[in-house]
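Let me begin by handing over the structure; questions about it come next.
Just so it is clear, A, B and C label the chains in written order, and each chain counts residues from 1 on its own.
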Amino acid sequence: MAENKRSKLLEVRGLTMDFGGLRAIDSVDLDIFAGEIVALIGPNGAGKTTFFNCVTGIYEPTAGDVLIHPPGGVSRRINGMKPNRITALGMARTFQNIRLFPAMTVLENVMIGRHCRTATTIIDAILRSRRAVREERETVDQSYRLLEKVGLADSADEFARNLAYGAQRRLEIARALATDPFLLLLDEPAAGMNPQETSELDELIVRIRAEEQLAILLIEHDMKLVMNISDRIYVMEYGKEIAQGTPREIKENKKVIEAYLGEEVHA
Amino acid sequence: MAHLKRSFGIGLWFMFLTLPLVVVRVNTLSQEVQWRWSNLLWVGVGAFAIAWFWQFSINRRAAGRASTVADKPSLAQRLADDPVLSRRVLLGAAAVAIVFPWLVSTGQNFYHVNVMVSALIFVVLGLGLNITVGLAGLLDLGYIAFFAVGAYTYALLSKNFDLGFWTCLPLGGLMGMLFGVILGFPILRLRGDYLAIVTLGFGAITKIVLENWDTLFGGAAGLANIPRPELFGLLLDGRQKSVYSYYIVLALVALTIFVTNRLKNSRIGHAWMALREDEIASVAMGVDMARTKLSAYALGAFWAGLVGVVFAAHNNFINPDSFTFMDSAMVLAMVVLGGMGSILGVIIAALALKLLPEYLRAFAEYRMLVFGAVMVLMMIFRPQGLISDTRRKYDYDGADGANGEGDHGGK
Amino acid sequence: MDFQYLFELLCGGIVKGSIYALIALGYTMVYGIIQLINFAHGEVYMIGAFVAFIVAGVMTLSGYSGLTVLLLAAVVAVIYSAAYGYTLEKIAYRPLRNAPRLSPLISAIGASIFLMNYVQLAQTPDFLPFPELVPEFEFMAPIERYLSSADLVILIVTTLTMAALTVLIKYTRIGKAMRATQQDLVMARLVGINVDRVISATFIIGSVLAAIAGVLIASRTGQINAAIGFVAGIKAFTAAVLGGIGNVPGAVLGGLVLGIAETLGAGYISSAYEDVFAFALLVLILILRPAGLLGKAVKQKV
């Protein structure tokens, strides 16, 4: 295995999340190493999105540890940390049910991603200090660059709400990338896309990994996409982790086939 | 035809609804019952007409949704996109504003100047609340309390410590801001609707305290003999004083516009708007919710405090009656009517809402009735307000990253 | 310590609290279903009181008096409040069902301002004396100090109303549909519940309760004006939040707690600051326990 050669970025141990009486995640372990694309799959309601929410600070897990080891930074346990701090530490995400800022332009949506990487204060902004002007220019340039990468540069001045569905998903990715993450978490990025768009997304994700040098954890129901691009796959069912391994291993795993009975695993 | 029939039914329904309140009046003193049947007729006819128009508008709105007419460039957007034109309009407006007092006032008659001063005070309030509600989406129903903080700060400081207007002006703003921070700190993590109620409560508490703490705030009678703004120790007559107040508040308006405009398109302004649009997405993108909300809330309070000082100085005396929920509601109506986040819209709305009742006395009586209706109707038919917020466009010249100054637009 | 005084205050608090509870129920039921603070609910209550005043006034001047007048006034008030609540929802809230979350709230504030000023213009901005309609029951004389005849009527009526409401929610078709809609509006619609009807019914029921409260309070305090809805509205909302908004028993508990807290505060500290206690309680509860006394903390689904 290549694991020991690469540095570990995210380490989740025994993660558990309860909602009232419902155990949505039941002591799940998961690791992500530098440069990997890892998929998290499982039937509806398995707890995948909840897992994301626990890792990114939207929910505070009931039990377990979420540890991060940013490249070149200090390792730390991030349970219960505020989402914005976690983002600042280098993990960014997209949402299953798209959450853009509808009444802001496409470019402004991406610029928000730069918020935690810039430091212009209110005073700076009022006086248009040198820092404000410089940071604004950098923010605009980087945001444009990201929009070009996801193919949205032409719609930069449109309102985000006017984008087509597939474009909105790509905009969410660009916005997340703007935060300079070392780990990108994508929640069903292909949901609602047609086959053409999905295959473009496939390329986009692989390209992002190469160009931005980050690792990607993605939740996805589109098995073709998952099998195509992931290095490793984790499978969840009813909050429990039932399997992990390479795409080939997963394809042949009995438990996984059972869990997915009725859905197509063959792809 | 179906429309007409429905409208007729609605007309009848409203005649039924208003029957006891609009027709019957029991005079308990003279022990008489007044029957005002003619009113019922008016209600019926009015409701019929409005119902007919309403259905027409709702249909149009539904059609408009489908084709997103709302996103066609508005007049304001075109103005903002054309720097030359917008500069000209701005200069023109500034020129009119500057010569205004000399056009409308003569030696003894400076009524119009005074009216304009109160209107401009509300323009500043509207622009301040626009930061909190319009940009950051924090529904503040007790905004007028910060105005009161500024006004009482000046009244007390000038009375007890003999501090002058110009010293107190920034102090009033800072006091407003301080109160904003103190109140905002615990409550800003509340959900939007709870925040609305709590701020409403704060507004009410402020008024009760002002009314009951006689020794400090003068109780319901308020505080009198507040000094006017001083001008290098010159003695000014009545008209000159008003004109002087006018220029002071005009300068404040200009300052507010300048600052809001700078902030709106800045890092912090974007963060405010993002929070308004979607809190969870914002924090997930690295926006510090507590700090960002607090800054919007405190900054809004700052303007109210600042202009509260001017209000106290211009009026000579203040009492709690100037700081009721209806005043908060009026400022909110300005922001809603003008268009959340839209500077130009809020200015126009504030002037309209203050000046119309002043000059149309018949309207004055129905003022709050109309404001209430306007708030409902705007939300239904034109939630973006009269003048929808414009977005600035940024230049980008390609890969070398040499983008233009990008300072135009937005102004 | 003067226990008699304390007891007196407690009784007053319970009477007051039971009325807050009646109004609070309207807030809580509407909130439970469409997550909207119906700002204009206090105005519906005020309109109930005004209609009752008008009916009672006309009848008193025609020579009738006593409990029959009160009953008739209450019935007409209930009908009118229900009609206003129903119309309010149709005009101010229904078109905004899918709008951004601030829009219905602003619309509600607008509606509240509109209704308050409408009554002010159609009637009067001044205080009006509400006729005394509850006779002095003789058997109440010994404990008059703690509980007047009007108070007794209030307690009986609120208890009966709440019992009726419980039966309605628990056992009737519409009650079941309401509970289903409260659980999950989309799901309720999918299983064939007419959600629009349920929402209308909720507004009507809430308005009926508010009207009853309006009549009771008016006959107790003996005066009304167009602004009473505003303060009562905030107080009742406080009660609803205190108990846990969306939670029906919570609204009753919240109303009682608020009524008692307020009366004690007014009795022992200062009556001028009576309203301040209510607001302070609201702020405290929202900061310390936003889910309220009986509410469960729910995490927003992301």
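One rule holds for everything that comes next: a contact is a pair of C-beta atoms (placed from the backbone, for glycine too) under 8 Å apart; a residue touches a chain by one contact, two chains touch by 3 or more.
Because the structure is a prediction, the values reported are computed rather than measured.
A.B. asks: Give the chain pair, either B-C or A-C, that is connected by more C-beta contacts.
C.D. replies: Between the two chain pairs, B-C has more contacting C-beta pairs.
A.B. asks: Measuring centre to centre, with centres taken as mean CA positions, what chain is farthest from chain C?
C.D. replies: Farthest chain from chain C, going by C-alpha centroids: A.
A.B. asks: Would you identify the chain whose C-alpha centroid lies closest to the centroid of all protein C-alpha atoms displayed?
C.D. replies: Here the chain at the core of the arrangement is B.
A.B. asks: How many angstrom lie between the centres of chain A and chain B, each centre taken as the mean Cα position?
C.D. replies: Here the centre of chain B sits 41 Å away from the centre of chain A.
A.B. asks: Rounded to a whole Å, what is the gap between the Cα centroids of chain A and chain C?
C.D. replies: 47
A.B. asks: Could you put a whole-Å number on the gap between the CA centroids of chain B and chain C?
C.D. replies: 30
A.B. asks: Would you mind listing the residues of chain C that make contact with two or more other chains?
C.D. replies: Each of 302 in chain C touches at least two other chains.
A.B. asks: Residue numbers in chain B touching 2 or more other chains?
C.D. replies: Counting only residues that touch two or more other chains, chain B contributes 280.
A.B. asks: At least two partner chains per residue is the criterion; list those residues in chain A.
C.D. replies: In chain A, 58, 95 touch at least two other chains.
A.B. asks: Which part of chain B faces chain C closely enough to touch in the complex?
C.D. replies: 13, 16-18, 20-22, 24-26, 28, 31-33, 39, 58, 137, 139, 141, 186-187, 190-194, 196-198, 200-202, 204-205, 208-209, 211-212, 280, 325-326, 329, 332-333, 336, 365-366, 368-369, 371-376, 379-380, 383
A.B. asks: Please output the residues of chain A touching chain C within their complex, sorted ascending.
C.D. replies: It is residues 19-20, 49, 53, 58-59, 95 of chain A that touch chain C.
A.B. asks: Under the touch definition given earlier, write down the residues of chain B that touch chain A in their complex.
C.D. replies: Per the stated touch rule, the residues are 68, 71, 259, 262-263, 266-271, 273-274, 277-278, 280-289, 295, 299, 389, 391, 393-394, 396, 399, 401, 403, 406-407.
A.B. asks: What residues on chain C touch chain A, complex-wise?
C.D. replies: Residues 296, 299, 302.
A.B. asks: Flag every residue of chain A that touches chain B in the complex, lowest number first.
C.D. replies: Those residues of chain A that touch chain B are 56, 58, 82-84, 87-88, 92-93, 95, 99-105, 107-108, 111-118, 120-122, 124-126, 128, 132, 135-141, 144-145, 156-157, 159, 162, 175-176, 178-179.
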